[in-house]
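Letters A, B, C and D mark the chains in the order given here, with residues in each chain numbered from 1 onward.
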Amino acid sequence: MEQLLAVLIDGIIYSSWLFIAAVGLTLIYGVMKIVNVTHGSFYALGAYAAASITGALLAKGMPPSLSYAVLLGSALLVSVIVAPLIERGILRFMYAKDEVVILLITYALFLILEDVIKMIWGVNPYFIAEPYGLLGSFDVLDLTYPYYNLILVGVAIACGAGLAWMLGSTRTGKLLVAVIHDTEVSRAMGINVDRMYLYTFTFGSLLAAIGGAFTAPTVSVVPALGVEVIVLSFAVVVIGGLGSLPGAALGAVMVGLVRSAAIHYLPQAELFVIYLVMAMVLAFRPRGLFSIAEARKI
Amino acid sequence: MTAILDAQGLNKNFGAVTAASDINAAIERDSVVGLIGTNGAGKTTFINMITGYLKPDRGRIRYEGRDITELAPRDVTRLGICRSFQIPQLYASLTAFENMLVGIGVVLRNAGRGGFFSRGRALVPGHDLPAEDVAERILERFGLAEYRDKNAQVLPGGVRKLLDIALTMVAKPKILLLDEPTSGVSAEEKFVIMEMIMTAVRAEGATVLFVEHDMEVVSRFAERVLAFYDGRIIADAAPEIALADPEVKRYVVGGVLRA
Amino acid sequence: MSRDRTPRTLGLILLALLVFGQFLPQWTLFLVTVALAKGLVVLGLMIMLRCGLVSFGQALYYCIGAYAAGMLGRLFGASDVFTLMLAGMAAAGLVGFVLGFLLARYRSIFFGLLSLAVSMILYGLLVKTEALGSTDGFHVLPSTLFGLRPADAWVRYTVLAVALLVAFIAALLVHRYLGTPLGRLAPAIKDNEIRVEYMGASARHAIHVKYVIAAALAGLGGALAATTVGHIDPEMAYWTTSGEFIFITILAGTGNVIAPFLGALVFGVIQTVAFAISPNTWQMVLGGSLLVVIVFLPNGLWSLFRGRKVA
Amino acid sequence: MHFANKLVIAMTAAAFAPAAPLAQEAPLKIGVVTFLSGPAASPFGVPARNAAEIMVEMLNGTKVPAPYAARGFGGAALQMQLVDESGPATTQVTEFRNLAQRDNVDMVIGYVSSGNCLAVAPVAEELKKLTVFFDCGTPRIFEEKSYKYVFRTASTATMDSVGAALYVKELKAGKIKSIAGVNQNYAWGQDSWVDFEASMKQLTPGVQVATSQMPKLFAGQYNAEISTVLGAKADVVHSSFWDGDLEAFILQAGPRGLFKRSTVILTTGETAMYKLAEHIPDGVVIGARGPYGPYAPDNELNRWFSKTFADRYGVPPNYAAYQMAQAILGTKAAWEKAQSANGGNRPSTDQVIAAFERLTFESPAGKVEMVIGAGHQAITETAYGVSKLVKGKMTVANVKRYPATMVNPPDGVKAADWIANGFKK
């Protein structure tokens, strides 16, 4: 019983983390049809920026309670600087190319950014554990959890709800939905697709950066931080159905719960259980759980 | 004359929409049949069901006495029922010539002459010529020789249309289903294209069903007309009779004028 | 169709390398051999890419081939280089045949990601298999040629010669295959699958066949790599390995069966140069060169050599 | 034809492009291979590179205290060529061959990853190139095969697990009913746990294994693992985590009270103890993979090394740095022994090898004996202690030292068998 509860809590926490890390990927794919490997770079950038900036401010005597805002702020900072640079500077000249070629371009960019990060921050780890411990912790039966984990859950919900609201209720959001459904028609209808792409890429990258920023307090920020995240968030997004927001949420929850169940009951399986889920889902729902089946007119 | 193709009681619904309700049609060998009707009347659905792209909810389709209702498009094609498309379905990145070769390759392969170990210049069944020559000849016949080495995606609309039809000829079809062969083509070109097709077909000898909106073209080329409305066949007769039918006048001809 | 010069060119390259090979410095022999092994994998990816399919999990078969060869030596002491390669090829081909029934139904990104998932599962299983050394992997016995082991000074050259021969045969067969109707179907499937079906061909069957060929080639490459490098580990199945193969495929271009080997060689050289001149930022060099190729040689390196269509 | 020509030219050009000029008589060229990118760079690769740079510079400047005062190796200045250890075994083997045959280095010193060590060793043998492993832990290298050209100047990971077991047994005065493990799911983690578990079963019969968690390498998120370990309520928790994973584990486990609930052993804790001083509570068992860092003996060599290193890089050298220094000094010792045996002339590789086998030499970490693995594998003493924060500075208290022969198997005995047979001498 206690173990089951633990499975749930651990699962939810991990799911939240996964969702924040992955949701930007599905947005970018939905709108731009790009499988964006640099997503991992932005995750890392977010973590590095958050760790270094928050650390510096704390050293300057900033009240720790503000650090959460700073985490968010630093994520915002890096993504609005770097993302447009990449989208305007490189990607936009490539949209004519195959999905796969663009994927490779983002892979190349990822390799480059890895070294750029190393040049800026060096190889030594950064820590900002203050936000993690700050809020104290609560007990479930005899397991202790820091409240920070609830913040993670909160951020995840905020990201998901915010994105849903934006797509559903704002003008830009509605235009985005149009682009998601048919880029060509949207273009014909006079929607400025290029600007939509810029917004989408920046916002999607921001979500990745937020993921990194809010993970930073719980880990040591080191090179290659983003590598793990890439494939993991691919798995989540694919399980849910590329380009589907509820899909990403469901995918994250599934993976999160399955993984934590594996850890509690069958530790050996942890290594590949995620890919097992992915393979299973794809085997029965070739386009993921929440896919829009495309009809072909002949 | 015996029916080469026999559709009995075909029904097909897409949710609330009725695309075909109790379609019955027996097509005689070597006849030329025009399918008319407004958009959404069920003409293309009829063709899609014959070629196995859609499975009817009810009803059977027989071809030379054999039930082909459940067959997949490729199996229907292998039996000699070939179709062209309203929107040309070409291999955009290949030249017109290569488009033909792909098709011919499939024919060779289905005849067991295109395997890994078979000779480079095996004769194409039905044409009894090597692949290249067959391609040349069909392109020639459809007046596409000058576009031989142009990529399909850069060809003008009318030419794409012709190439799309030419592709159906490689397999020596016994039944040819042409879905709006002259759509998106100027009025005078329509007759040129239809003439070309008909001469080609006569040379090869095949039964033809073609969807057409231009009643002049229909009455000029069709020996028989099937008029579709709301998923039903409302008239099945020789052109002059069918086109004179009041119902057809109201729902089809008029519909075209309105369209 | 223009006259087909590919077989002759292949032959010339084979001869050139067999002759020059004896004079090349030892380390380049190894570099070239590894490039040939990777080239075989890429050759398979090229076939798939021609029908618009990219496998993010081809490392699965690379790894299966390598482990098949390794196990054969470990369990039965088999060391004949051709036996090992055939084993690797057969094992990978068999798995490919089975998985093909599933994967041939998938297209575009979903094909890629499903194959990725499968390869990662194998990776996980191998890491858990401590009997096979887990992530540390294990040694592959030095291989023999018809029971003979060449003199130390000639080992590298002999391995290279064998690799060249194998690659040459593989390339010729694939080239011939691409000329058959089924092979020709590749671009057609990429362009318009509906039409392929309406011409009386089964796209799924065509893809399945190509998938098995690609798998077998990857297995062959894996076995060759295993015997050349002398050590195998699960990372051969990791997604970064697959990524490297796709990297090379795009680098090379799909123009001709020679391209994959050329691409693999160039990749090897770029990488080792990057390691040598900028040990701290070689990833940047690698990524940069990939960008440059994609931007300036959209059809890959092959477009450098090709005046007109060869394949 | 034109095509074939082009291709061959292209290839030969490519082949020779990176070729370096042949090595002159002196100085000696040393290939140094360690992680410069990826997660292993910061805890091992870069400190090791820094140590190598210092040693090379200081040896060339004859600034190293006795017995290593002579310039370079036996008077010949050293020249080091750096290579990144990242990438799959194929890449590493390729790069090793390039070092040996393209750049004609006189010897190669390096390798953190056991996988790379296993992959490179046979190649070193094939190319007859003297190769010294400085860090990698797996005992398999000299257990599975015997090598002539390969040496390892650091003890195997077995020592860490056995030492840890001996230490906690003393620390908890035998009152250990259950143990748990959190180790990375790859060879290093698996081997470390297997050895530790076996040792504990030998030392405290009847001990129960509560749980053994094996999270994916670099997973970063350990809440679920920590929950299971907390739930298991084991007396002792063993972890061979390193680097980012270790630090993340400490950061995540601390607030959840794992360190309060169980005695936690971090066999590589030393790499994190300074960085995370305020996050490691007192009483955590800290290992350094040997007598390195805080456990290094107080001799002149060590005082000199740690000061020089700290002065230049602002942080004290960690165990990776010590191991690199140890590898270089060991090779120097062997080289100079061979040289004097050779009447002062530059020794041949075979002579160096002869001198290296069963060599005993001094390093900043004290005495190193190349006595197992047929004289190619070093054994050293090891030490463990518990963390103790003194005036905001992290130190180790309650330090126990274990002589080399007590924590390493005798020559010719496989580590696993040695443990299974109750550590028989």
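In the analysis below, contacts are C-beta pairs under 8 Å (C-beta built on N, C-alpha and C of every residue); 3 or more make two chains touch, one makes a residue touch a chain.
For clarity, every value in this text was computed on a predicted model and none was experimentally measured.
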item	value
Minimum number of chain-to-chain contact steps, subunit C to subunit D	1
A-D compared against B-C, more contacting pairs	A-D
Furthest chain, CA centroid comparison against subunit B	D
Chain closest to the assembly centre - both centres taken as Cα means	C
Gap in Å, rounded to a whole number, between the CA centres of subunit D and subunit B	74
Between subunit B and subunit A, distance of the C-alpha-averaged centres to the nearest whole Å	50
Inter-centroid spacing, subunit D versus subunit A (mean Cα positions, whole Å)	36
Centre-of-Cα separation between subunit C and subunit B, whole angstrom	43
In subunit D, residues with contacts to at least two other chains	36-37, 185
Contacts with two or more other chains, residues of subunit C listed in rising order	127-128, 194, 280, 283
Multi-chain contact sites of subunit A, meaning residues that touch two or more partners	114-115, 118, 268, 271, 298
Touch list for subunit D against partner subunit C, complex	1, 3-4, 6-8, 11-12, 14-19, 36-37, 82-84, 88-91, 93-95, 97-98, 100-103, 114-115, 118-119, 122-123, 126, 138, 140, 144-145, 185-188, 190, 194, 217
Residues of subunit C defined as touching subunit B within the complex	1, 176-177, 179-182, 184-185, 187-188, 190-192, 194-202
Partner subunit D, residues of subunit C touching it in the complex	5, 9, 12-13, 16-17, 20, 24-28, 30-32, 34, 127-128, 130, 133-139, 152, 155, 225, 229-233, 235-236, 238, 240-241, 258, 262, 265-266, 268-269, 271-273, 275-277, 279-280, 282-283, 305
Complex interface listing, subunit A residues touching subunit D	2-3, 6-7, 9-11, 13-14, 17, 114-115, 118, 123-125, 127, 129, 132-133, 137, 142-146, 149, 215, 217-220, 222-225, 227-228, 259-260, 263-264, 267-268, 270-271
Footprint of subunit C on subunit A - complex, ascending	35, 90, 93-94, 97-101, 104-105, 107-112, 114-116, 118-119, 231, 234-235, 238, 242, 268, 271-272, 275-276, 278-279, 282-283, 286-288, 296, 298
